[in-house]
Amino acid sequence: MDVQGLLDDIREHLTPMIGLGDVAGYIPSLAGVHPNHFGMSVVMPDGEAFGTGDWEKPFSIQSISKLFTLAMAYAADGDQLWNRVSREPSGDPFNSLAQLEQNSGIPRNPFINSGAIVVTDRLLSLNDGRNSGLLEFLRTESGNPGVTANPEIAASEAEHGYRNAAIANLLASYRNLENSVPDVLDEYFWQCSIEASCRDLATAGGVLTRGGLRADGSRVLTASEAKRINAIMFTCGTYDAAGEFAYRVGLPAKSGVGGGILAVVPGRCTVCVWSPGLDAKGNSLVGTAALDEFTTRTGWSIF
Amino acid sequence: MDVQGLLDDIREHLTPMIGLGDVAGYIPSLAGVHPNHFGMSVVMPDGEAFGTGDWEKPFSIQSISKLFTLAMAYAADGDQLWNRVSREPSGDPFNSLAQLEQNSGIPRNPFINSGAIVVTDRLLSLNDGRNSGLLEFLRTESGNPGVTANPEIAASEAEHGYRNAAIANLLASYRNLENSVPDVLDEYFWQCSIEASCRDLATAGGVLTRGGLRADGSRVLTASEAKRINAIMFTCGTYDAAGEFAYRVGLPAKSGVGGGILAVVPGRCTVCVWSPGLDAKGNSLVGTAALDEFTTRTGWSIF
Amino acid sequence: MDVQGLLDDIREHLTPMIGLGDVAGYIPSLAGVHPNHFGMSVVMPDGEAFGTGDWEKPFSIQSISKLFTLAMAYAADGDQLWNRVSREPSGDPFNSLAQLEQNSGIPRNPFINSGAIVVTDRLLSLNDGRNSGLLEFLRTESGNPGVTANPEIAASEAEHGYRNAAIANLLASYRNLENSVPDVLDEYFWQCSIEASCRDLATAGGVLTRGGLRADGSRVLTASEAKRINAIMFTCGTYDAAGEFAYRVGLPAKSGVGGGILAVVPGRCTVCVWSPGLDAKGNSLVGTAALDEFTTRTGWSIF
Amino acid sequence: MDVQGLLDDIREHLTPMIGLGDVAGYIPSLAGVHPNHFGMSVVMPDGEAFGTGDWEKPFSIQSISKLFTLAMAYAADGDQLWNRVSREPSGDPFNSLAQLEQNSGIPRNPFINSGAIVVTDRLLSLNDGRNSGLLEFLRTESGNPGVTANPEIAASEAEHGYRNAAIANLLASYRNLENSVPDVLDEYFWQCSIEASCRDLATAGGVLTRGGLRADGSRVLTASEAKRINAIMFTCGTYDAAGEFAYRVGLPAKSGVGGGILAVVPGRCTVCVWSPGLDAKGNSLVGTAALDEFTTRTGWSIF
C-alpha cells in the first residue's frame, strides 16, 4: 500500500473542511491556535513514518497524555489499578462530578479527567512524588528528545482549572488520592501541557501496535495487557462520543482538546491526526473525518 | 485449527465453574431452568458448525433478539434509524428510565430495553403492524424451521413487564413510538421469548461475520453497515458491563438474561455460548469465562 | 376587616396582569380555556363566603384534587400511609420518573403525580375498588351537589396520559400499587377532570382551617393531622416552586394546571384564586400574584 | 404560660432518650463530644430567657451559622442575593455536587453547604475581604462577648474539608465566587467552628421573632424580609429532612451537625435545643424530639 499517497489524498479530500469546528477556548493559550492546521501521520510497527501537512509541528497533546499515563500505571500495577478506577464508558461529560459522586469516588474509566487524575496520583507515588515519568517515556518512545511541556499552558490550565480542582478534592474526600491535591494537580496540568507532533505521538504509540513492546524491543506490557488498553481506548477514548466514534471509525483511539487524535490499528500501524477545530463533544472535527476516510479507504477497521 | 478439540477443552476446563451464578428469576418460567447447562458452538462463515455440551438444546434467547432486530431495522432504514435511537454506551442499567427521561425519549442505544422497543416499533411499522419479521429471519438464517417462540414465557414476560410498560409509555409521551403501546409491547415480549440453540444463533449470526451477506449469499447489509453493527455490539452489547467485557473478551457480543451470549469474530466465525447462571450485571458468568478462554487460546481478539 | 372590599381591591390592582402566562396546552380541552378569567374567594371557618370576579364559575381543578385525596387517605390510614409515599420536597418536576426510580418506587410526596397516584390507589382499595370517594367528599364539603367531573377532559387526559401511565407502571414494578394500573389511572384522570369554582374549593378547604372538622362539625382529621397536611402543603404544594412560593406568599397552598390555587390561613380562612395563565413552573401567574397581594395587605402569613 | 416549668418537664420526659443517635464523627474534635448533653432554652422577644439542662454551655454551632450569615447578606443585598443562590428545597444531601453541577453552579438554597459558601463569599466582599462579620453580629445580638470561634475545630474542618473544597472550586468554575477559594473556605470553616450556648443562639435569633429588629431596637431586616427568611428556614433548614421536620415540628428551624437546632415561633419566642446525637439525616435526634414535644404541648406550630 502506498501510505504516503493515501495520506496526501486524504488531506486533499478534506481540504474544504479544514478550519471547521471550534478551537478549544477554555484557556487563552489554546484559544490562540490557528484553526487551519492539519497534519496526519502513519507509523509502522518498525518505526517507519509517513506524514502529510503539519505532521511534524508540535501541538498541545492534552488528553492524549492519558493514554500513555494509563499504559505506564497499568504496566506497574497490573489489575490492582482497577481497584481505584473502573473501565466502563461514562455516558457523561468527561469532567462530570455527578457521576464521580454517584460512584463514591471511583472514576468510571481512566480517560475521563477524574480517572486520569487517579492514574497521575498513582504514577507520582511510584516515582517517589517527583513526577509521573511521562515526559521521559514520550521522549524515549518517540525518539524525539525535543518533546517538552509548555509552562505557559500548564500555568494557564492551573489558573482556569477550578473544575479539575473540584474533581481532585472530591477524589480526596473519598480517600482515592495518595498524594496531596496540589501536587497531583500540578503534575496533571503539566502532562496536559506537553507538546508533540503527529509524528512523535504516532511513533510513541507504537507500543500498542507492537503488543506491548517498546521502541527498543523491551517489553513494557504483555500482549494481553496491550490488547486490554486498546479495548478501553475503543470503549472510552473519545469522551462521551465513544459510541459514535466507534461507529464511524471503528478503531481504538484517544483524543485531546488540542485537536489531536491518536488511533491504533493493532498489528499494522498507528495513526495520529491533528486539526484544532473541535466538534460538539470535544473531538477534532476534521481529525475524525480523516480517520473515517482512512478506515474506509484501507478497510483497516478492527471489525 | 482443531475447533472441535478446542471447544471440548474449554468445556472441560470450565466444568468446575458450571452451575455458578444466579439464574434470572424475574419470571417463573426462566427461574425454573436448571443452572447446570453449558453449551458452546462455533460456526464458520460457510456454515460449518462445531459444538460441545448442550449446543443443540434450545434456550430462551431474550435480549440476543435485539441484535437481529437491529440488523433488520438498520438494513431497512439505514442511518435514518439514528434519529430515534443513539449509539452511545449507557453507563446505566439496561432498563433505566432516568436516562431515557434525561435524553428526552431518545434511547442511548438499541441494546438497552428502551432502544430495542423503538427498534421493534419500527419493524412493526415496516411490516404493516403484523409482526417484526424476527422469527422468519431467524428460521431462514439458522436453517432451522423449528425455531419458535414460547407462548408461556411471552405471557409471563407480559405479566411481569411493568417496567417495560413504563418505558414504552415514556417513549410514547415523547412521541417516539409509531404503533400503540400494547402492540409494541406484545411484539417485544414475543421476541424475547423465542427459543433457539447455540448452533441456531451462531449460524444465524453469520450474517455479521460475512460482512452483511445472508446464508443464501444475498446481501442484507453493506460491509460497512455490518461493521457498524459490530461496533455498537462491542461498545453496548453487554449491558452496563460493556467495558469490563471488552476488557476481558475483546469481541463484539450480545448477551441475554437467558444465559446466552453471541459473539462475532469478524471474518472468521461466530461463537455462541449458553449457561444460565448470571453475574451481577446480568451476563452469563460461565459464558463470559468461556469466551475469555476462547480468545485467550485462539488469540482471536479484535485487537 | 372588609374582606369583600379587599378582594375587589386586589382584583382591580391585578387587572393589568390578567391574561398573562400560558394556558396549559397538553390537552386540547384545557388549551381552549380563555386566559382572561380571574376569580378569587375567601371563606371563613363558619362558611361565610366572599368573592370577586369569576369566583362562582367552575374550572378544572386538576392537581388541587391531590389535597383532598391526601386528606381522605390520611384520615383513613394515619401514619401507615407514609410507608408508601414520603413527605419531602422533590426538587424535580412534578412528573419526573428519574426520582421515582432513584427512590425505588416510593414517591417523594403526595402532591407530585406519582404520590397522588399511590394515594388514589389506596382510596380505591378502601372503597372496594369502586372509586376514591373524592366527588362525594367535595360535594358535601362545598355544599354544592353540582360539582362534577368532565368526561371530555377525563378522556383527553387518558388519551394524552402516557407519562402518567409510565409512572403507574413503574410504581407497579416496585409493587407499590394494590389495584390494576388501568383502574388506578382511570380514577386518577377522573379526579383531575373535576370542575369546581373558587367558592366551592375554598368552602371545601375549610376542613383544614377548622383543624380537621368537616362542614357538619364532625371530625375527619385530628387537629394535629390537619396541621401536618398544612405542613406538607407548605413544603410541597406548588410543584418544584415550593420554595419560591413559600418565600413570596408564605401560606400552605395547592395549585393545579387549570390555574387554580387553594391556600389555607390556619384558623382564619381559606382562599381560592383562579386564573388560567401559568408561570414557567406550572402555577397560576396571576393567582400567585393575587395571593402575594393578599398576604401583604392582611399580614396573614404564617410567619 | 410557665415556660420554665415546661422546659423542665420536656427535659424530664426526654431523659430516657438522651444519648441516642450518633455524634458527628467526620472530624476528631466533634467526635470527642460526650453524647449525653442536653440543653434547651426559650427566649422571649424582649430578651427574657429560660433554660434547662446544659443551656448555657457553649457547643459547636456548625450550620446554624448559615442562618445568621444569610440574614446579614440578605440585609445588605436584598433580592439581588437570589441571582447567586436559589430558595428551593434541595431533595439531595447537603453537600451534593451533582445538584450544583446540574444547576450550573447556582446552589439550591442558602442552607446547603454550596449556598452558604456563596453567602460567605458575598459577606467577605461586603467587608473588604476581612471577614464575614458573623462573630461580631453574634456577640452583639446574644449580648455575650464571650462567643468565640474554636481554632482547633476550624483547623480540623479545613484538614478534612475536601468535599467543601470541591464545592468551592466547582462554584469558582461557574464564576460564582468573588473571592479566592482559599479565602472563602477559611472564613467558612471559621464560622462553622464558632461555639455558643442555647441561650446565646436563642437570644441572637430574636431578630427573626421580632420581625427584623435587632436587640438594640434598630432594624436590620424589614418585617417582610424576616418573614421570608423564616419561610426559607421552614422549607430548607434541616437538610433533606425538611419535609419530615416540618411535618413533625411545624416550625422554621436551622440545625447543625454539632447537635444544635434553633427554631423560631414568629412573634412569640425563639427556641434553641442542643443534644449531640444525630439522626440519619444529620439533625439532632433528641433535639428534634424536644421541639416536637414543645409544639405539641404549647400548640405553637405555625399552622
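Going by the order they are written in, the chains are A, B, C and D; count residues from 1 in each one.
Convention: contacts are C-beta pairs under 8 Å (C-beta built on N, C-alpha and C of every residue); 3 or more make two chains touch, one makes a residue touch a chain.
Since this is a predicted model, take the numbers as computed values, not measurements.
Chemist: Fewest touch steps from chain B to chain D?
Modeler: Minimum step count, chain B to chain D: 2.
Chemist: Over half of interface residue numbers shared between chain A and chain D means same, under half means different, so which is it?
Modeler: Counting which numbers both chains contribute, over half are shared, so the two copies meet through the same residues.
Chemist: Among the chains, which one keeps its Cα centre farthest from the Cα centre of chain B?
Modeler: Between chain B and the rest, the longest centre separation is with D.
Chemist: Could you give the separation in Å between the centres of chain A and chain D, each centre being the mean of its C-alpha atoms?
Modeler: 47
Chemist: When the C-alpha atoms of chain A and chain B are each averaged to a single point, how far apart are the two points in Å?
Modeler: 32
Chemist: Mind checking the centre-to-centre distance between chain A and chain C? Centres are C-alpha means, answer in whole Å.
Modeler: Whole-Å distance between the two chain centres: 55.
Chemist: Mind giving me all the chain pairs that touch?
Modeler: A-B, A-D, B-C, C-D
Chemist: If we count contacts the way the header does, which residues on chain B are in touch with chain C in the complex?
Modeler: 96-98, 100-102, 162-163, 165-167, 169-170, 172-173, 181
Chemist: Which part of chain D faces chain C closely enough to touch in the complex?
Modeler: It comes out as residues 86-92, 99, 108-109, 224, 226-228, 230-232, 234-236, 240-244, 246-247, 250, 252, 266, 296, 301-303.
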